[in-house]
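Letters A, B, C and D mark the chains as written, and numbering starts fresh at 1 in each.
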């Protein structure tokens, strides 16, 4: 009977913002369950996430009333029904560990989402999708334009809220990046900004680093330069050749990607410019 | 045409052990690819792992000759064909994330083993096994004796080298622990020795720790006290209630368990007393 | 001309707390620079830290007015002048690395505090204090009562806000623990609750763990059971005997202790029961 | 009465190396206490560290005899008396936390070395040196040539085995880098190769990374591109502005640098090309 909502707010920094949001929620009888905020002093921005409960129907009233507050204070906002089911589109290539991992997490209830489609430029991936009874789309076509049309169509048809590039090894066009802005998550197998681009484990081995990493970020037209959501590393040694780096890295990749998806699904990530605030 | 072997050695510490092993391998024309050793000064023990190549058939010659060396130096040894395929038995209960993870890793080739059987005291687990086309056995019976007979039979029939307790929530009898000594791996969801026994995330929450952990260890009759193979932790905060601890912990558990299985499959773990040497 | 204050609040959870605090600060023309809050659902407690700016003198007005709000809402509160200089008492025994570390951090400006006194049951520690031109007190006496009187007197005379047990190897009486409640910080050289009490590195080595840890906590009459502020671990292997564990652990200890002191000095730690909220 | 020696070996990979070294040590009645080796398959190189005990005087015999073995097998080698006292030259600029840390570790016996000199381009650093009764040299002069002559002279006069750039903010000439090859250690405040060069915390903040790091490496003429000895990272969040990044990073820097110095002093690091083998 109670509705749980998540409100995300981004505004020019100014006095009274916390109070204004709290009052607006109080005005419809809402109860704040959890709130977190951040002020980016350099950007003069205030960012907030509020998780609140209302009686059924009151969230709509809130939305109507809050529009006025937002106008007055010049704030951008998004309001989510926390209970609304979410859908993922998973996009992969030849490496399947991240794909398996996200599918298993959705099946086991660790990620609160259903997988609407698996798409891949490798037909062999179909078998993995079949194991989890998820529709499969082969990203075929004579050129990138055709292939991206297939991919975009698959995402559209699946009704996907979030597009997950689970080690998809193709570069997306600027157009597609723009269309999916803020809802396509990529996993890159290095601690960015080091080793952007192709074959990061080879690059890492050549440099002789003592750590390898993985980075989950929103996709933008700048390759591997989008806002970072989660990063992690693991120690390596001279014993780790490229083969072992890839194996160790695979563990990082799946955990970092899953963590980023989970945070995104719970509306805990606010991206602005090429950075994020993560209210974890 | 070349055979790759792994030799594990445990001996009372004495001069000349490294040279004796190297000579024995050299005597059959073998080439040492990788070697690692450790002396436990307190226990006065020497432990070694040698990965070596020989011409086909020469490994058998080595084994015959090395028996003499072993007798003379009072050393225990095991010799493995690195290419022999290995089989796992996976044992689970209600929590499925570790089970999914090991199955996916075997399917994706990250773990070099096939899964011979999935056994569980919960019939609902059968569905997971079916997704990966692995035989399923329900661990049923009127008492522990009967249930353990079912479980031991399933492991036997599957021809499993390694038994993985992938969040199996039943305590094994001392007899079964003894039978599976050195080849049954359990994942416990805490940084042992803290929070042994039931409900470690509840215990951790109650104590207000700032880290949670996971521990993979060989199963012994002493609950959660067997030789530790791999441990890891992740930071947590006051924001993490038991539900969130469990979710974060799940990531640790699967990675720690998979790491331990991989090390065991590559014959990198030597257990003695309640400790291990891990030649990683 | 502006005053920076930190307000800490603990209250029974109820609606309107965030708004009430924000209004009270707004009423004296204050500006919230940073705020963080947490609701402990199990304990039905609301905890908040607010960092705010006011015109000079306005903080006193705030304090007077806020007393009413606090009474009405049944909330406990503390108000700190962020600019007030803080003083430490450092208490050590034979191991000097933590002592050196805190002294150096204060000297280098990394910790925003002065050291008022160094006290130790080992006279050799005097030399370290002298290097940093800090008064030294030898904790001597015929029994614990006398020694504690010396120690308490030294802390009192130094005007210390915070007492840091920097590897002090004596157990404090329940009386002294009570007197210093919430302002005495201890570093224990294990990941508590594992290996409480004496010689934790020996205990860790005996158990064969693959991680060692350090824990900074508020001192209470229950040995090593006080509210935890910071914990961290580092991986170890079979190569690490007790001597190497101690060396590796020393790095953890100093960093964990320094981090806890820094958080405490910035009023970022709220302890309740045997747990803490750390608003970092 | 027994002498403890460390032998480092680098050779083209070939059969029989381990046996040859073991025999050579055995021939002078030596006992191998610890040995570790690595084969870099890409570079076709074998690298080994052997820690062994002999009767007094036997190490010299070993050296004479081993020269033949080395010639025959085309191996480079170094032999160290493990008990010989080592001396450090510490070079700093304005940031003093790493300098304090190394001085304190030497004073507390955590690093087995004495500090022969502290040199800095900032005279204010003299006070820190004085606290630890270490001679101070001001790196003055009209141009880089003069200043480097002062610095090189100070190192020479101090009889330093190892030069530690403890946040020294000047770029060394290629000549000085060559002269100090393999014995000058620098700490860079990022996870290299990311954020090489000036102001890495500013670079890290701008990029919005979720980790910051520190890297200890041997100094070479290529800025921040020398062989890496130790790296580590710590998680950061949107709450961490540049000031907080620097504070958190300072903890990493000191620990990473101290770890690298300790490994170097124990002859555990073999550098070749732009990489290292670290036998820890």
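As a convention for this text, contacts are C-beta pairs under 8 Å (C-beta built on N, C-alpha and C of every residue); 3 or more make two chains touch, one makes a residue touch a chain.
Every value quoted in this text rests on a predicted model; they were computed, and no experiment measured them.
When the C-beta contacts at B-D and at A-B are tallied, the pair with the greater total is A-B.
Least-squares overlay of CA atoms from chain B onto chain C yields a rotation of 180° to the nearest 5.
Greatest centre-to-centre distance from chain A is found for D, with centres as Cα means. Distance between chain B and chain C, defined via averaged C-alpha coordinates, is recorded as 41 Å. Chain A and chain B have centres, each the mean of its CA atoms, that are 35 Å apart. Counting partner chains per residue, chain C shows two or more touched chains at residues 239. Residues of chain D that touch chain C in their complex: 96-97, 100-101, 104-105, 107-108, 110, 128, 131-132, 239, 247, 250-251, 255, 258-259, 262, 280. Interface of chain A with chain C (complex): residues 15-16, 18-19, 22-23, 26, 31-37, 39, 235.
Residues 38, 40-42, 191-195, 207-211, 213, 227-233, 237-239, 241, 273-278 of chain D are the ones touching chain A in the complex.
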